[in-house]
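Okay, so chain A shows up in both of these, paired with chain B first and chain C after.
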Partner chain A sequence: MKRYFLLYLNFLRFSFSKAMEFRLDLTFRILMDIIYYLVNILFFKVIYLHTPLLGGWTEEQMLVFVATYLLIDAINMTVFSTNMWWLPFYINKGDLDYYLIRPVSPLFFLSLREFSASSFVNLLIALGFFAYTLATYSAPFGGLDLLLFVVLIVNGSLIYYCIQMLMILPTFWTHSAKGFIDLFYSLGMAMERPDRIYRGWLRILFTVLLPFALIASFPARIFLEHLDWGTFLHLLGVTAVFWVLVSYVWKKGLANYSSASS
Partner chain B sequence: MIKVTELRKTFTSYVKEPGLLGSLQGLFHRREVTKAALKSIDLEINPGEIVGLIGANGAGKTTLVKILAGIVHPTSGTATVMGFKPWERSNDYRKQMCLIMGQKAQVWWDLPALDSFLLLKEIYQIDDRLYKKNLEFLADTLMIKDQLKTPVRKLSLGERMKVELMAALLHQPRVIFLDEPTIGLDISAQKAVREFLRNYQVEFKPITILTSHYMEDIKELCPRIVIIKEGEFVYDGSLSKVQRLLGDNKVLSVTTGEKTFKVTVPRADLARKTTELFSGNDIQDLNIHDPSIEDIIESIMRTGVSTR
Partner chain C sequence: MKLWRFIMAMEFRKILAYRSDFWITFLGQTFIQLLIARALWQDVFEARGESTLNGFTLGTMTLYYLIVPVGSKILTGENVGFISREIYDGTFTRYLIYPLSFLEYKTLTYLTHSLFYGLHLVFIFTVYHLVFDPGALGPAAFSNLFLGVGVYLLAALAYVMMATAIELLALWVENIWSLMVMLRFFVFFFGGSFIPLDFFPAWALGLLQYTPFPYMVNLPAKTIMGLLSPEKILLGAVVLIGWTVAFRVTVSLLWKRGQLGYTGAGV
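Then we have the complex of A and B:
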């Protein structure tokens, strides 16, 4: 455990020294992300010009939710996304070789190696926005709520990571996961809507099979209404099942890995 | 030690007719093609031994190395390296092993080599003393001390290979897989790498498997060679004895007006063949000599074991 922590510190060191070299890229990324945040906030602002309630939430509550999913998105962009972007190429071009011979979990290495230092600034902005919405939010909340929220945010990020991996891992067999990854991004929109708007089979789809609704909507509910323990367990359970699934498919994939010859 | 028994690997792929029409057909029925990369390989290598693995492109060298390094799973058969099944990838095995591929870089491109080394130190949990000792030893013997703080992308190909060697050997592996370590290097860099490898072998006595297309590498480093052809071993034995395989042959190097070519003939036929050559061609130069190791290996790779 400690060893992996030290390794991760090394990844951070690498990423930051690399990011310093490409300052223009850094500036652009920050600008793009700020625009993305503003578009998201404005989208809901416009909707609330026409209705007082959406999925049972007021505008003030909705802002807490928006801040939550922006936060999760920023975490994903910072921690996972660069790695996820490269993984299919590595699998296809046979570049996993050097990761497989190291005495470290290759899944750990390949999922976390590239910490996106340029997105890190945006993570800070997202965090700031979240703190702001919470500070201006009228209903009371306690320290326990905050703690639970942190747990569920981590949990949500893990679900997001797992779904993403499950869309990428077919590359081991299909040699191109473009279709799946596109599907992931279009379905990913489901995370950016309050879960109450999904009913019937859509609800089952987005809370169990492709649990996008669990990623941000449920954590936000901690501040917005009462979140019972059953739901809490459901969230952790889904993550556990998806994690087992990812590990299993990863193992199967490696057994099938043929490593393009050099 | 390394022990391989009846190791097989087959790859399955699909062939497609060229062009758009071919791609459309491929949607409905695909023609499956299986290619046997390794056909029942047996191999035993003792500690401290260095073995040269020779074969044409696609003969199965790299596949064998990748199976032994634990990257690729075999289709059937068994292999153990120091008691470990490589493809189970236990950390205990991977800590004692290294793989160097001349074609694929392992050090970080954008950063100085020393940064990559620090990460490797963490990965292999090399303690500070040993790390310092090995770093110094490797940098000295490879004569690359001054370039370790330069981003790797700014190094020359030869310097990069030296850095790759350092990265692979920092943790003092007991099993070394070298897949074409001198590819693309100029003559002097090749020499430096070879000399380093020879000294390293003497000093640390790891098990080493070396594949290379450069006969110089093999001749200088490997007392024992294995020749692989289309997934099968056609020769496994000492380098010096390989000469006997072609039996009692002589090579004629002939230069005529427009070209130079070589003919291998049994010694008994030498006189007849030479006369034949002289009568039909305008010969400007003719040399008769024993076949070189290159000639022999090339001939074995082309035709299999000589059946004179």
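Then we have the complex of A and C:
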């Protein structure tokens, strides 16, 4: 465990020094994410010009929800996103060999090696926006709520990571991840809408089969309404199930992998 | 002309090389975004307790979100980002030996993707019109469809020139990927891909008419839906041509200056 921790510290050091080499690019990327945040806030501002409620939430509540999904998005962009971008290329080009022969878990290495320094700055901005929405939110909340929220934010990020992996791993068989990755980004929009707008089979799709609606809506509910322990444990259970699924598909994929030297 | 046809045919073959990708993207991008947007607007209509909002019923809103995701693919194609990548890789030099200029080649390959997604839109719209909503769009449905696809292709030409102008900045700066993403945010949000522009405040619409964005998404989508008069479509098309010319001139200026400092493989 300590070895993995030290290795991750080295990943961080390497990523920050690499980002500082390209300062103009770093600035552009920070600006890009700020615009992304503004577009998301403006989207709901425009919607609320025409309705008092969306998914049963008022505009004030919706801002807490928006801040929650921006936070989860920022965590994923910082920790996983660059790695997820490169993984299909490694699989197709046979570059996975370099990761398979190292004395650490290849899944750990491939998922966490590239830490995005520019997104880290945006993670701080997302955190600031979240703190602002909570500070201006009229309903009271306690320390336990914050603690549970942190757990569910990490949990939501892991669900997002697992679904993304499940969309990338078919590359082992299809040799092109483009279709599935495009599909993932289209589906990702489901996370950015309150879960109660989904009804019938669409609700089953986004809460059970591809649980995008669980990622941000449920953590936000801690502040917006009551979240019972059963739901809390259910969310952790979903992550465990998806993690088992990712591990299984990863192993099957590796069995199907043709390396550059084979 | 023969050369153009050859390049476009080659690009079509490339698009169809990965068929599973094509079908997943086709189904995913067409229906997932539609279902999510429809669920959101259904909730808004119910919260307001009204059947019409800013001229849209839930039915016309559904049609709008059926057109817009595919329309966005016509607009942004697949090849944007390739010019800057080739500049960084140093492989841009290969255009020196091509029998046509890099801009002509890139525009052709880009428009092939746009044309392909245009056919995609014709197919989806036809199925919707004949199966799910027969007759509701009136007898002019197909003439509006082809006119709208034409406006989309015009918008795609304006977009490729605007995107190329940004991509050529790669001749000076170290990475322009994030600028391209920002461009997409602006086009999609201020063009009306996320929310129809009719729901924006009047002051915002007043400002947006001086940008190319509403003409790239709102104009073609509403043309297909039969919601615009011929005069407005014509005016929008003229504005799009104006923006295309302006960006084309910018591209020429940037290329003229930028190529002097370009260092590629084998140069």
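One rule holds in what follows: the second predicted complex is superposed on the first by the 260 of 262 C-alpha atoms of A that agree within 3 Å, B and C clash if a C-alpha of one lies under 4 Å from a C-alpha of the other, contacts with A are read in each partner's own complex, and residues count from 1 in each chain.
Note that contacts are C-beta pairs under 8 Å (C-beta built on N, C-alpha and C of every residue); 3 or more make two chains touch, one makes a residue touch a chain.
What you are looking at is a predicted structure, and each value in this text was computed from that prediction instead of being measured.
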Original post:
Should the superposition on chain A be reported as showing a clash between chain B and chain C, or a fit?
Top reply: fit
Original post:
So, A:103: does it touch chain B (first), chain C (second), both, or neither?
Top reply: first
Original post:
When both complexes are superposed, which of chain B and chain C contacts more residues belonging to chain A?
Top reply: C
Original post:
Regarding the shared-chain residue A:120, is it in contact with chain B (first), chain C (second), both, or neither?
Top reply: neither
**OP:** Considering only the touch criterion stated at the top, classify A:178 as touching first (chain B), second (chain C), both, or neither.
**Re:** second
Subject >> First, second, both or neither for A:257, with chain B first and chain C second >> reply: first
**OP:** Could you look at A:218 and tell me whether it touches chain B, chain C, both or neither (first, second, both, neither)?
**Re:** neither
Subject >> chain B versus chain C as contact partner of A:50, first or second or both or neither >> reply: second
Original post:
Regarding the shared-chain residue A:95, is it in contact with chain B (first), chain C (second), both, or neither?
Top reply: first
Original post:
Does the superposition put A:129 against chain B (first), chain C (second), both, or neither?
Top reply: neither
**OP:** Report for A:7: first if it touches chain B alone, second if chain C alone, otherwise both or neither.
**Re:** first
Original post:
Draw lines from the C-alpha centre of chain A to the C-alpha centres of chain B and chain C: what angle do they form, to the nearest 10°?
Top reply: 90
**OP:** Compute the least Cα distance separating chain B from chain C in the superposition and give it as a whole number of Å.
**Re:** 5
Subject >> Residues of chain A that touch chain C when the two form their complex >> reply: 22, 24-25, 28-29, 31-32, 35-36, 39, 42-43, 46-47, 49-55, 174, 176, 178-180, 182-183, 186-187, 189-190, 193, 196-199, 202
Original post:
For chain A, which residues count as touching chain B in their complex?
Top reply: 3, 6-7, 10, 13-14, 17-18, 21, 94-98, 100-104, 254-255, 257-259, 261-262
Subject >> Parts of chain C lying in touch with chain A, wherever the complex brings them together >> reply: 18, 20-25, 27-29, 32-33, 35-36, 39-40, 42-44, 47-48, 53-54, 69, 173-176, 178-179, 181-182, 185-186, 189, 194-195, 199-201
Original post:
For chain B, which residues count as touching chain A in their complex?
Top reply: 11, 58, 62-63, 66, 69-73, 89, 91-92, 94-95, 97-99, 101-104, 106, 108, 110-111, 115, 118-119, 122-125, 179-180
